[in-house]
Structures are given as structure tokens and as C-alpha cells.
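Structures given as C-alpha cells follow.
After this come two complexes, each holding chain A, first together with chain B and then together with chain C.
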Partner chain A sequence: MKNASTWIDRHARYLFPLPAVLAILVLIVAPVVTNFVLSLYDYFVGGRAYFVGLENYQRGLTDPRVWNGVRNTFYFTFTAVPLQLLLGIGIAVLFNRDFPGKGIARTIILLPMVATPVAIALIWALMFNPSLGVLNYFLETLGLSRSLWVAQGSLAIPSLVLVDTWQWSPMIALILLAAMQGVPTEHYEAARIDGANAWQSFWHITIPGIRSAIVVALILRAVDALKTFDIIYVITEGGPGTASETLNVLAFKTGFQFFHAGYAATLLIFLMFLVLGIAVLLNAIRRRT
Partner chain B sequence: MFARSVRIALAGLLLWSFTAASAQAFDWRQFEGSEIRFMMNRHPFTNWIEPLVGEFEALTGIKVTLEVLPEDQFRQVRLLEVSSGAATLDGYMIMPGQVSAQYLGAGWVRKIDDLIADPSLTMPDLDLDDFFGGAMGTFRDGDTIFGLPLQIESSVLFYRADLFEAAGLTRPPATMDELLEYAAKLHGGQVAGFAMRGRGAAATSQTVNLLYSFGGRWLDDAGKSALASPESVAAHEFYAQLMRNYGPPGPANLHWAEVTSLFAQGQAAMIFDANVFRPIMEDPAQAIEVVRENTRYAPLPAGPAGSVPGVLVWGLSINHASRNVGPSWYFIQWALSKENQVRLALFGVPAARSSAWENEEFQTRAPADWIEASMVSFERGQPYWNPPIIPVAEVRDAYGQAIVAALEGRDIAQALQRAAQDMDRIIERAR
Partner chain C sequence: MTAAALTPAQAKARARRARLLTTVGVFALIALVLAIMLFPFYWMVLTSLRSQVDNVSRVPVWWFTPTWENYQNVIARNNFLTFTWNSFVVAALSTGIGLVLGLPAAYSIARFKQDGLALAILIARLTPYITYLVPWYLAFRALGLIDTYVALTLTHLIVGMPLIVWIMISFFEGVPQDLEEAAFVDGATRIGTFLRVILPLSTPGIVAASILAFIFSWNQFLFSLVLSGPNTRPVPVAVFNFISYGQIDFGGLGAAAVMITLPVLILTLIIQRWIVTGLTMGAVKG
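And now, the complex of A and B:
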């Protein structure tokens, strides 16, 4: 008994993190390894699996549809995230000052973030409908011409960016608002005494004060946007044609509709490296600042 | 020498026992005491039959276990059990349009011609001709039969009588040329002349009706894609012309929900989609009044090769590994008898027997032109609303790309050429 407890005491530094290590092994490392092994097979679900080595990778790199997916993934992410950052900063600035009804306004603006993504996507799909949707009704009321929204290839991704921005700008605002409240008020007072106007104190005090929070928000949002699935799949299924088919949506179709599990696993490894690359890049920027 | 004579004697014995059996009359209690297990999709047919199984058990003394699963799991578990070759499963629900290539290719369904030919095993009033031609067609493999249909669906033309009258049109379009002409006359303002699906892979089950009516098909005699054939190009040029000129805005986004709601909201004068969507047009919560009062139905107009709609058919088959073939065949015959198909139709499921559709009480349940249009389509129907190969979803996706290209005004022949190449590659890879 005594021996056991001294053994535990001596090895406490290994024992305490053990549950967490096990959880990571089972939930993260094991699936990634399994996925990699699967990517070396030609496996049609329900049929037999054949080991093909790196053939899936070779096929993936020369498949125009994969490159279309990569292009769409980048297009979506690098349109949506900067837009959300700008809006997020704006909303945060707004809520950083006092005005009547601020509490209620803040709750309302956070609602898109907490709603169920599939439910949101279904409602947006209805609103986008070119003949029956409410968005075109608004456009016409304003005297503008109707739009085809997601029904037109060139507008599909911009329309999806609109949904994503509506849903996720509040999250960026929330992170930045917390950071803004940490900027000492003395700095603003000193600036005012020196005769700085509102723009100058925003640009020279607020922005530098929240810079690292901006990078954190960017990393979180970019990683999330790169692997967006729910709103794209529900609203367009990657269409019209493949106009809004991101790598993630293509991998889903390949695996769960076309049943090529091995090739789908390969595409997901591509996506993993893509996400990893962007995250490492943004992290390097954060370190430098 | 000895072995040979034994073999001959055995063969003789077998022959004798067969003739003796066939001399026997049909007897529901022949298999009293046996037990069978069928795997079923959680489908309205299953909801209907579950409480009635006791009637069959009382009639025959055969005990029936129905294993019911939601559709996705049903397909997976059925695949597992059937491919394992286990004799524990005797029969299952099947939609040949989805899996016949795979199941026939692997020999997983038992052919039933010998059972039908045996009067001791087949009830006198089975009457195969009573099943719609299109429904039986999906269960034929060359000259053989591998199951019986239980329900059937097809697509029909929905049109607005009031708009037809205003445009001076007195009857539904009978040919594709007329369809185009009518759509042009009816198109204008907020109302599209015509609408059908355009959303890539989801549209293929509808455009295939045009493909076959223009004389095209999925595969040529060598088993290669026939999507780039001249007939197919003509069909899709017609489709693009119809949809681009007289369709609603954004046709490449139209799934069945969009197509039916356009019509229900009075924004399309004609649509072509599944006949089972009729209740939408009668529902005050979904359709505006003028639509509820003026919706009429007609079969698919005829193209150069006639009017050839695809039919979606569910049915029952016997598992290749079953050791209870007789009792299973009894169950199928009972479940799909004339009386039971009427009961099924009155329960609200589109039955596969024409006698059920002719039932007087059933006829009071639906408009006469809908029944007529449906029955005509069921009789003519061809079974391949999906390509007759194993990787169905992937081929529908490749073909769907060509449909979107056609709707976006790109070169149709070229898009179909690419789809055909993709299709060939997909078929090749699945080998």
C-alpha cells in the first residue's frame, strides 16, 4: 500500500497528464494514422481494398477537379475572413462605447453565431431562391435588379461568403472587444491631451493594442473557414456544377457518395496540409509581432 | 459404371418427384411450420404490411420476421448480409433501378421463373400481366424474372388549365415540339413557361426521360457510355433551349423542391417531375388557390423515339442463399396479391398492379387525369432512371456537370463528350 503510493508520488508527473495523452492518442492521432493508411488503398466501399501506394496522391495532384477545389477553398477563405475582420473591428469599436440598449444589441448581434449552422443554411437557401426568395424582393423594393445568387456560378462563392460573414463576424468582434477593453484608458487620455483626433487614437493606440488578438482571431477563423462544410453543402452542394465545390465538399462526395474511401482520405490529407500550412504561417506572423 | 447408373437413377427419381410435385394443387398450408426472415426498408409499404403479417401467418402457418431499418442503414446491412452468403436472410425489399447491376452481377438475387412455372408453388390468380409493364420491366433480366414489384412512381407533366385557356391552348402538349411551342406561348411576366430540375446530379433522374424519348440511352451495346451520342446531344439541346428560353431564372439551382414550389406558388405554367408530388398542389399550406383549382396532369410528351418515362420501382426479391425459397415465394405472392395491392393503394402507396389503380374506391381519391397520366407512364416506363452500373452516384455527378454546362449556355456536345469520357473512366475503375 505504502509502496504503491510512493510509486504514484514518484511518477505523478507522468500519471496526471495520462488521461489527456490517452484521449489525444485515441481521438486525434489514431484517426490521422488510420486516414493515412486508408489513403494508400484503392477502396470502393462494399468491395475489396487494394494497396496502391502513392497512386491516390499522384491522381489527386493531376486531377483538375481537385485543383478547382483548392482554388475555391482559397477564394472562399480569403474573401470571407478579411471581410469578417473589418466588420468585426467595426462592431467591436461600436460596442466598446456606451449607448442606450447596448446589452440587447450585443445579444442580438451574437445570435447568428449560436444558431445551428444547418438550420441557418436552409433558411439562407430559401432566401437566395431567385424567383421566390426574399432577398430579390428586397432588391426590387430598393429599385435594384434581381440577382441569381447561388444559382449562378460566378456568384455562388460570394453569396456563401455573405452567409459566412453574417454568421462569424460576431465571433471576431467578441475576441477584439475583450482585447480593446484591456487597452489602458490612460493612453487615450494622453493622446487627447496631445491633440489626437478619434481616427489617430484608433490607428495608433487601439490597433497596436489589440494586434495579437487580431492574429488569434485570424488564425481561428481562417482554419475554420478553410474547412467549412455545412453551409456550402446545404446551400449549393458545391454547385452549380463545381463552381462552389471546396476541397472538403469534394472529399465528402468522393467518400460518402461515390464510395472511394481511399481517394477521399487522400484529399483530406491534402486539406490537412493546407490548413496546417496557413496556421503555421499565421502563427509565425504572430510571433514576429 | 456403378456410379453412373446411380446418377441416372437419381436423376430419374428427381424428375419423378418434380412431376409429382407439379401435379399437386396450390396449397397455402404446404409450408406450415417454416420460418422466414425478410429485410425491409422503413418505407410506407413496410408501415402498411407490418400489422398485417399475422394474417399471412394464420393463413399459411409460416412464421415471418420483418427486420426493418431506415433506408441508409437498410442498404448497408442488406449489402453485408447478402454478400456474406448467409442463409439466415430469405428475402428483402429492393429497388432494381439502384442496385440491379450489382446484385445481378454478383448473383445475389434468386431467379423465380421456376417457381412461377410450378402450379403447386404459384397461386392461380398471380396474374403477372396485371403488374404495370414498366414495373415488371425493372424485374426482368433478359428472359428471366428476379422479383415482383410492390410500388411504382414516374414523372408526369403538371400544367395550369387557366393559363392554358388564356393562351388559347385546349389540350396538353403531345409532342416535344408542342411542349416547346406551348412553353413559348405561356412564358412571360412572373410566370415561367416550363420548369424541371437542373441541379446537376439531382436533375439526371428527370433529364433521362428526355434522353430516352429522343432515342438515347445510358450505355451502348459494348457497355460504353452513350451520353455523347447524336440522340443524346439532340435531347440536351432541346432541354437547354426549353429551360434557357422559357424556364425560371437560375435553372441550374432547381431541385424537386424548387420546381414544385415554383408551380405551387403560381410562377410556372408547366412543370415535369414525379407524380407523387400531387398532394403539394392540393395543400392550402403550400399551393395558392388558383393552383389548387387549376392543376391538371398529362404524360411525358413524345419525342422522336416516343414518350419513354423512367419508372422508380420498389419490390421484393428472394435471397440467393435462402433455404426457404418456397415459403418466401408464398409470402411475396400474398403480400403482392390483387386484394393486398388494393389495400396498399387505399393506404396511400402507389401500387404496382393496374387492377389496384382501377379500383373504384381508389379512383375517387385522386383526379382522373392524374390517374390516367400515371397509368400511361407506368405502362410505358423504362427501368433505367439510373445508369445500369455499380458506381451510380459518381456517374450521375459526371452527367450532372454536363447538364449544368447546357443550362449555362456552354457547348453541349463538348460537355456531353467530357461526361461520356468521365463515365467510361468511372466504369473502368469500378471493375
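And now, the complex of A and C:
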């Protein structure tokens, strides 16, 4: 007994994480490896698998629907994330002061990011409804013309960006707000004594002070935006047509509507490299600044 | 009139007016932000309490006599309570297993500075979940485990365990090492110390991590969409299926949306300090 426990103590650094490591190997590493194997086969779920080498990759790289998916993924991500960053900075600046009800206000802006995405997506789908939706009512009240929102191909992604921005700007705001509270107040006082106005002290003290938090928020948000699934699938299912079909949604359809598992695995490998590649790239930028 | 021509009293009054205007402007903007953040929830509740006639009116009906009809329909006709139970079981099981696996790992990462392992777990969080889904679907299909709690719990663990580990790393790092060393001097073993000293001291962190893992499992849609079935369907998938039934029952949708979201909002109020920490995998401290 004594020996056993000293043995455990001596090897604690290996034994404590062992269950989690095994779980990661089984749950996460094994599927990724399986995807690489699957991607070499022409395989429909329930059918026979034929080894085809790199044919799936060749097909993927020349498939217009894949390129449409890549384009939509980038369009969605690189519209949504900068917009959220700007709004996030704005909200953080607004909230970075004492005002009555600040605690409640902070709780309220947490709600969009924790509420069940499917529920959120369904409510937005109702609000987008071209004939009955409340958003068109607002547009008319403001004297603007009605919109088809997600029912129109060219507006599908901008509408989804709107939902994503509503959902996630507050997270960026809260990340930046935490960082702003770490900027020493003496810096602001010194700037004020030197005659700096609000804009100058924002630009020369706040922004440099929260720069690393901005980059962290950008990395997290970009990675999550690239793989957004719930709101896109629930609101548009990638439509109309393929107007809002991201790589993620296309891979899902390939795997679970067309049951073409081999090709789906190939698309998933593209997606994985895309997401991890951008994460590594953004992280490299973070290191340099 | 230039500023130089003002008497000191006038200049002061003008400055005060400008300050007041800024304050009013700031409050108006804060109110606008809050209104936008709340509106979809407000609309969700209104939709759930309106009759179908009012819900399909061309001009939104803002004032009406609330009806519980939609809630009664959803619960009675759509087995809503069964779906809720399914969600609860999967969330509780995956959180429980996530704690058993994740707590010792997080402790070890914090104590022995195993940054490589922490990074591996972070990569699991960054990789799109759908990457794991095709292989898992094929495996569960071969094993006859589609539409079982096993399949759902295991895949939800992919979501919950990394979250628990990352939150707990920063928590365990905050537990003073002296306490641990004192226990060792008294002859306690590493496991004994972990169970009797470290874990009790970390209760607030464990509660926060558990609630977050529970919420993430409750909200999970993708894995459940593919791996659940009539016996295990959790609420998000059940609600998603509502919209495929041709004629949309707006009120029912609203009621269902309120019922999925409400438990999450209540849990959020308990651990709101930790939400951002959880969503950013500990990159931002609460």
C-alpha cells in the first residue's frame, strides 16, 4: 500500500493527466486520423469503400461548390469579425465608466452569447420573415423599403452577419472592458494634465493598453466565425441555393445528406487546415506585436 | 464669439452644458445597446404568449391578452418534457465525466507546467467540431450506438472537457503551493492532498466550470443533430424539427425557444463572472 502510493506520487505528473490524455486520443485524435484515411476512399455510408488515392482532393480543388463554400466562409468571417471588433470597442468604451445599473447592463449583454444558438436562430428567422417579420416593420416605420433578408441570395450572408454580430460583439466588448480596467488611471491623468482630449487619450493610451486583448479577441472570434454552423444551418441551411453555404455547411451536407463520407472527410481536412492555419497566422502576428 | 471672449463664468457654464450633453448622449447609447441586445429575447417571449392569429398579423401586435396555450401545446403535443430530460441527462453525464477526467489533468498541468498538454487541449477547442463528426458517426453506426446516451455523452465530452481543464488550470495555479507542501510534510499522499486539500479549496472554480460545461452541452446542436434519434433527442434538435413541419406554429416556436433558453439564463446569472473566461478558454480572467 505504502509502496503503491509512493509509486503514484513519484509518477503523478504522468498519472494525473493520463485519463484525459486517453480521452483526447480516442475522442479527438482518432477521428482526425480516420478522416485522413477516409479521404483516400470513395465511400458512401453503408456502401463499399474503393481506394482512390488523392482523387477526392483533386475533385475538391476543382469543385466550384467547394470554392463557393470557401468564398462564403471568408465573406462571412471577414465581414462579421471586423464589424464586431469596432462595435465591441465602442461598447467597451461606453461601459468603461460608472453608471447606475452597470451590473445589470453587463449581465444583459452576456445573454446573446449564452442563449441556446438554435433558439436564437429560430427567433431571428421569425424576425427576418419577409412578409410577417418584425424587422421589415421596423424598416417601414423608419421610412425605408422592406427587405427580403435571408430569402434573397445577395442578402443572406449579410443577414447572417447581423445575427452573428448581435451574438458576439458583447463578448469582444467584455474582453476589452477587462483589459481597459487594467490600464493605469495615472496615464489618463498625466495625459489630461498635458492637455490631451478624450479622443487623443483613447487613441494613445487606451488602444495601446488593450492591444494584446484586441488580438486575443480577434483570434478567438475569427476561429469561431470560420466554423459557424448553428445559426447558418438553422436560418438558411446554406440557401437560398448555395448563397450562404459555407465550407462547414457543405461538409455537413456532403456527409449527412448525401452520405458521401469519403468526400466529406476531404472537405473536413480542408476546413481543419483553414481554421488552424488562420489561428497559427493570427498567433504569429500576436507574437510579433 | 470666440472662446477667448467669454468671461470665466460663461466658459464654465458652457463646459458644464457640454459635459451634461455628453452624459446624456452616453446614456442614450448605452440604452440603445441594451435595447438591441434584449429585443430578440423580448420578441421571443411576446411570440410565445400571443395567439397564432396575432402572430401572423401583418402589423406586429404589441398589446394583447397573454395566452399559455402555446406552452400547453408544446408540452402536451410535442413531448417537450422528454426532450428536456434527454438534454439534462446528456449534459449531466458529460459534465460529470468531464470533471473526473479533467480535474486531475488540469491540476497536473498547473503544478508541473505541462504547457504542451494545455496546448493540445486548446487545439481540440479550436478545431471545428464537425471534423470529429463523420468518423464518430461511422463508428457509432457500426457499433449500433446511434440514438443512445452513450454516443451523445461521449461527443458532448469533446465540448465540455477542454473547457473544464482550461478553467481549472488558472484556478489551481491560484491555490498556494505551501498548503500542499504542508500536507506532504504531514505524510499525505499526492492523491490524498488533491482530494482533501486542493479540490475543497477549488469548489467555486469547480462549480463555475461544471455549470459552463453543462450550458455548452445543453446548447450543443451539431453532434445531437446527427447522433440522436427518437429515444434520445435533446431539446435543440427537437425545436429545430418544429420548423420542418410545413406550416410554422410561431407561438409554439416562441414557447419552445423560451423553455430551452430559460435554464441557461438562470445558470448564467449564477456564474456570470465566469462566462467570458469560459468562452475565451481562460484567455481573459473574470
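In the analysis below, the second predicted complex is superposed on the first by the 270 of 289 C-alpha atoms of A that agree within 3 Å, B and C clash if a C-alpha of one lies under 4 Å from a C-alpha of the other, contacts with A are read in each partner's own complex, and residues count from 1 in each chain.
Following the convention adopted for this analysis, a residue touches a chain if its C-beta (ideal position, glycine included) is under 8 Å from a C-beta of that chain, and two chains touch if they have at least 3 such contacts.
Treat the numbers as computed from the prediction; the structure is a model and nothing was measured.
In the superposition on chain A, A:L132 contacts both chain B and chain C. Look at A:P240: by the touch rule set out above, it reaches chain B but stays clear of chain C. Applying the stated contact rule after C-alpha superposition, one finds that A:L54 touches neither chain B nor chain C. After overlaying the two complexes on the shared chain, residue contacts for A:L148 are found with chain B alone; chain C is out of touch. Note on chain A: of its two partners chain C and chain B, the one contacting more of its residues is C.
In the superposed pair of complexes, A:P170 makes contact with chain C only, with no contact to chain B. Legend: residue contacts after superposition of the two complexes on their common chain; A:F229 is shown touching chain C, with no touch to chain B. In the superposition on chain A, A:A279 makes contact with chain C only, not with chain B. Legend: residue contacts after superposition of the two complexes on their common chain; A:A190 is shown touching neither chain B nor chain C. Looking at chain A, you'll find residues 131-132 touch chain B in one structure and chain C in the other. Chain B meets chain A in the complex at residues 79, 83, 190, 192, 199-200, 248-253, 258, 261-262, 265, 267, 391, 393-394, 397, 400-401, 404-405, 407-408, 430. Those residues of chain C that touch chain A in the complex are listed here as 26-27, 29-30, 33-34, 36-38, 40-41, 43-44, 47, 55-60, 100-102, 104-105, 107-109, 111-112, 114, 117, 120-121, 123-124, 126-138, 141, 154-155, 157-158, 161, 165, 189-191, 194, 215, 218-219, 221-222, 226, 235-237, 239-240, 242-243, 250, 253-254, 256-258, 260-261, 264-265, 268-269, 272, 275-276, 279-281, 283-286. Across the complex, chain C is touched by residues 5-6, 8-9, 12-13, 16-17, 19-21, 23-24, 27-28, 30-32, 34-35, 38, 45, 91, 94-95, 97, 99, 105-120, 122-127, 131-132, 134, 137, 166, 170-171, 174-175, 178-179, 213, 216-217, 220, 223, 226-227, 229-230, 233-234, 248, 251-252, 255-256, 261, 264-265, 268, 271-272, 275-276, 279 of chain A.
Those residues of chain A whose C-beta lies close enough to touch chain B in the complex are 44, 46, 129-132, 146, 148-153, 236-237, 239-242, 253, 257-260.
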